[in-house]
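So, here come the structures, one by one.
In the two complexes below, chain A is the common chain; its partner is chain B in one and chain C in the other.
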Partner chain A sequence: MSLISFPFFIFMCCLLAAYYKAGEKHQWKILLIGSAFFYLCSNPLYIIFIIISIVSTWYLMRNPVRKNFMLTIAINLGLLIIFKYSVNLGVHDLIAPLGISFYTFMTLGYAHDCYDRKIKPSDNLWHYALFISYFPQLTQGPIGTYQDMQDQLTAYHPFDLQKIKTGAYRIIIGVFKKMVIAGRVAFYIDTVYSSPKGYGGLTLIVATLFYLVEMYADFSGYMDIVCGVSEMLGIRLKENFRRPYFSKSIPEYWRRWHISLNEWFNTHLFMPSVTTKWNKKVANILSRFFPKAKKGTLRLIVPTIIVWIITGVWHGAQASYLGWGIYFAFIMLVSFCTQSGVKKFNAKIHWNPENIFVKIFQVVRTLVFLSFGEIIYRSERFSDTIAIFKNIFTDTRINGAEIAAAMTPFGNGNQAAASMIIIVILVTAQFIVELMKEKDEKAFTGHRYIYAFAMLVVIALFGVAGKSNFMYQAF
Partner chain B sequence: MEELIALLKDVRDDVDFENAKDLIDSKILTSFDIIQIISTLDDEYDISIPASDIVPENFNSAEAIYALVQKLQG
Partner chain C sequence: MKKVIITVLAAFIVIISAVAFKNVYSCEMPIKNRGIRDAISSGDLDVLFIGSSTFRANVDMPMMDKAYDGRVYDISYGGNQLVATSIQYDELKRRSDDRYGLIVFELGPMMITQKVALSDSRVIWDLSWEGKKALWQSMYEAGNTDLPMMYEYFVTSGMDDLITFPVTEPFYGTRYYKGAKTGETGSPGKEWLEGEEFDISDKELVQAQADAVVDIIRKCRNDGQSFIFVESPCYYRLQEDPTFRKYKEEFVRILEENDAPYISASDVDFDTHNADYFEDMNHMSAEGRRAYTAELIRVLETQPEGQVPAD
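What follows is the complex of A and B.
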């Protein structure tokens, strides 16, 4: 069931009515029934796999000893690998169960926290089942932690009109980002990236910049919708984006993009690897080759490579995703290793980090490095990646016919030009809103209902109804 | 304690480790700094700080870091 669909609207109306009608003791049960219904509507047979994961993890982690922890990892990772990489294993008609990448991470995070004695294992199977299957975060995250979610999910939430309004506002923003911005720019990107070799540098640069816009509008738009839906139920989900394109460095960008996934990797993979004995040994060996480097910096090298390769492969077992992971591992390592040197150099040349031009330079530099990574990620073939980089740097001609050809999905002639103008206006409007929020988190609250109404009109006029699949649903 | 402050100053000489009580909560130390501190403590005090001990409470002040070192040495 797509979140932007009439059946989902009916589902939400029924759920909200039942949820707020239910008494204190039964409210969370309505959520569990609603979540099961949502899953059955999307993927009826495959509900068995999420049930296997829920029951086995809950049962094993009741006694969080090493053997049970390892068994939990084996069962959950095993299922994830089988379904996610079945194509690579030679099985072509296996569909992955809905949300498996996301609920597996939540399950493993829960198991690890139980094993580390950071949390008390759940003593109620049904409460635990609701934590894993809670429908707004099931399909694409955010990857909730048991600590954040459990009390909220089982507490009683009386009806609050303000929360319904705030939720509805978030949903409208999300639908606008997805259907108007992401849906429109997607056509151009798909056309150019499906056969990039013939296009000139400028067209490829525009398509790549549009891709940054599409990714943000699609994924953060989805998050706005799920946060809005959850807000209506009185449950606050973790924010997954904090205006990432205003980041001044790539490490900062990864603290502001897909926050819940990156925090998961940091807590459950990166930090544990940094502190292991073998990593300490590796750092000692490396210090023989780099005697001037700080030991702490050397201890970052192997964990960074591991985390980024796994993040890449988590998106799928394709060379482009692996290349993307290796690229960001490299950028992160360069950033870590040069951090103290750059700081000293900046002090020497009296480079003031608070200066607006310095900030703009840093933001643009981050976007350039990010774009290079996304070219690797988005290319369908390795030869395409090479061709795109080559054309961007060598083919600087401006080809009117080429631009017109890429815009044909928008219509012909004036119609296509008008669509482009509308996109630019909409992206600029959204950019201004986000810039205001970057300066002051609460800056935009006063005008938001007028903005929401304007967006509703725009969605009605320009929304792309045909393309309502979200990019991250594939993962 | 003085020895510990000197080690911490080696990692970040611009931070007031003697008085600060909110090194993590106020985002004075970054995760990069924490890893430098962990690595220094591991080597200097011959301890091994497990990932489960890397929580804000243990790194918010020099006293908290000192208490963590003592706990792991004991």
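What follows is the complex of A and C.
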């Protein structure tokens, strides 16, 4: 059941009615039934796998000893690997159960926290089941933590019209981003990236920039919708984006993009790896080759490589994802290793980091490095990646014919210019909103009815209908 | 709650108004150099082409102008279909009392294999409400409609053009002359044309498109309208493709069964092996366009009485 569909609208109306009608004791049960129904609507048979994950993890982690923890990891990762990499393992091309990546992360996070005695294991299977299966965060996150979610999910939430309105407004923003911005640029990107060799540098640059726009509008749009849905139920989900394209460095970008996933990797993989004995040994070996390097920095090298390769492979077993992971591991390592040197150099040349031009330079530089990574990620073949980079750097013509050619992926000549103008206006409007919010978090919080009116009109008249699948759903 | 209701209601009114305006009045927008409205405003015509982008690219309008004293026009849309062509013919007859000496329809062999659909949002723009409904009905009868498509057809399609009309129309207007392309497009070269991959082997006859050919013939006969079907030559690789030939034979069979006049690509003295003549497999370069148009004019003049423009 897509979040942008009439059946989901009906589902939400029924759920909200039942949820607020239910008494204090039964409200969370309605949520659990609703989540189960939502899951059953995707593929009824696959509910068995989420049940296996929930029951086994809950049961084993009631006694969070090392053996049980390892068994929990084996069961959950085993299921994930079977479904996600079945083709590569030569098994079968299985359809992965809805949200398996995301609920596996939540399950493993819960198990790790129990094992580390950071949280008390849940003593109620049904409460735990609701934490894992809570439908707004099930398919694409945010990856909630047990500490953040459990009390909220089981608490009583009386009807609050203000929350319904706030939630609905957030949903409108999400639908606008998805249907109007992501939906419209997707067509252009798909056209160019399906056969990039035939396009000039300018068109490929436009397509790559559009891809950044699409990723953000699609993913953050989804988050706006699920946060809005959850807000209507009185439950606050973790924010997953903080205007990542205004980041001044790649490490900062990854702290502002898909925040819950990066925090998960940081908490459950990166930090534990940094402090392991074997990593200290590796750092000691590396210090022989780099005697001037700080030991703390050397300890980051292997965990960074591991985390980024796993992040890449988590997206899928394609070489492009692996290449993307390696690329960002490299960028992150360069960033870590040069940090202190760059600071000293900046001080020497009196480089003021608060200067607006310095900030713009840093943001643009981050976007350029990010774009390179996304070219690797989005290319369908390695030869395409090479062709795109080659054309971008060698075919640098910018003239009337090239500008006209850059519009053609929108369709035939008759609609292309109009589509380009509309998308430029919409993206610029979205950019201004984000920029103002970057300066002041409270910007655009007033006059909500006017913005809602404008967005409803634009969604209805310029939205792309019939493409309600979100990009990250595939992962 | 009052504010919520007012917001939703106001948005609804604006949306409905914009959609109604687009669907009812788009055909009246002052579009220059292309489309049904501009063709009608040209008055009586000796020759009127109705076809796809092939006609748009392959017919040289200044040469046609010279041959027919300016009484010529080309109504063409990207991927235009036979079902849509039939509706465009109705539209023309309904909205105009002008005399059309000869209407030249496109004999595009692959046109009878196309799924009945909206191929170009310009079709939506140019059709009146009746025409829009008729085309939707054809798509519906062919089983090619669903809710998102209906939304796109009646609501979003062409909306970009409507909103950006003052900016984009002057730009578009310079790209066409009487519906045909004006650009001096060159050939990408023999190597490119030889290497270009295409696979049409999975194409199948779409009965609705084949029926539309018969429909066009019947309507013209009922109206006493002179007409002819013309096949525009393609690059030899496409022209000689077995699937292409199969559907050409099928198209020609329909025309002959109905005793309809036609000019095949082979009836025109035009070198389909000359790479300089083509922009891609079925669209000509400016050089090819002029060479073909000169021949087409000559061949049209040799057509028997009743199929040539009246004086």
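One rule holds in what follows: the second predicted complex is superposed on the first by the 455 of 475 C-alpha atoms of A that agree within 3 Å, B and C clash if a C-alpha of one lies under 4 Å from a C-alpha of the other, contacts with A are read in each partner's own complex, and residues count from 1 in each chain.
Following the convention adopted for this analysis, contacts are C-beta pairs under 8 Å (C-beta built on N, C-alpha and C of every residue); 3 or more make two chains touch, one makes a residue touch a chain.
These numbers come from a predicted model, not from an experiment.
Undergrad: Overlaying the two complexes on chain A, which is it for chain B and chain C: clash or fit?
TA: Superposition check on chain A shows chain B and chain C fit without a clash.
Undergrad: On the A-aligned overlay, A:A283 touches which partner chain: chain B = first, chain C = second, or both, or neither?
TA: first
Undergrad: For A:K118, is the partner it touches chain B (first), chain C (second), both, or none of the two (neither)?
TA: first
Undergrad: Looking at A:I422 after the superposition, I want to know if it touches chain B, chain C, both of them or none. Which is it: first, second, both, neither?
TA: Touch partner of A:I422: chain C, not chain B.
Undergrad: Determine, under the contact definition given at the top, whether A:S379 touches first (chain B), second (chain C), both, or neither.
TA: In the superposed model, A:S379 contacts neither chain B nor chain C.
Undergrad: Once the structures are superposed on A, label A:T57 by its partner contacts, choosing first (chain B), second (chain C), both or neither.
TA: neither
Undergrad: Should A:S260 be classified as contacting the first partner (chain B), the second (chain C), both, or neither?
TA: Neither chain B nor chain C is touched by A:S260.
Undergrad: Tell me which partner A:P272 touches in the superposition: chain B (first), chain C (second), both or neither.
TA: The first partner, chain B, only.
Undergrad: I'd like to know which partner A:T107 touches here: chain B for first, chain C for second, both or neither.
TA: Neither chain B nor chain C is touched by A:T107.
Undergrad: In the overlaid three-chain picture, find the nearest pair of C-alpha atoms across chain B and chain C and give that distance in Å.
TA: In this superposition, no C-alpha atom of chain B lies closer than 40 Å to one of chain C.
Undergrad: Where on chain A does chain B make contact in their complex?
TA: The contact residues of chain A facing chain B are 116-118, 251, 266, 271-272, 274-275, 277, 280, 283, 294-297, 299-300, 336, 339.
Undergrad: Applying the document's contact rule, which stretches of chain C touch chain A when the two form their complex?
TA: Contacts found on chain C: 1, 3-4, 6-8, 10-11, 14-15, 18-19, 53, 78, 120-122, 146-149, 151-152, 155-156, 159-161, 163-164, 167-168, 171-172, 175.
Undergrad: For the complex, give me every residue of chain B touching chain A.
TA: Against chain A, chain B makes touches at 11, 31-32, 35-40, 42-43, 48-52, 54.
Undergrad: Using the touch definition from the top, list the residues of chain A that touch chain C in their complex.
TA: For this pair, the touching residues of chain A are 161, 165, 411-415, 417-419, 421-422, 449, 452-453, 456-457, 460-466.
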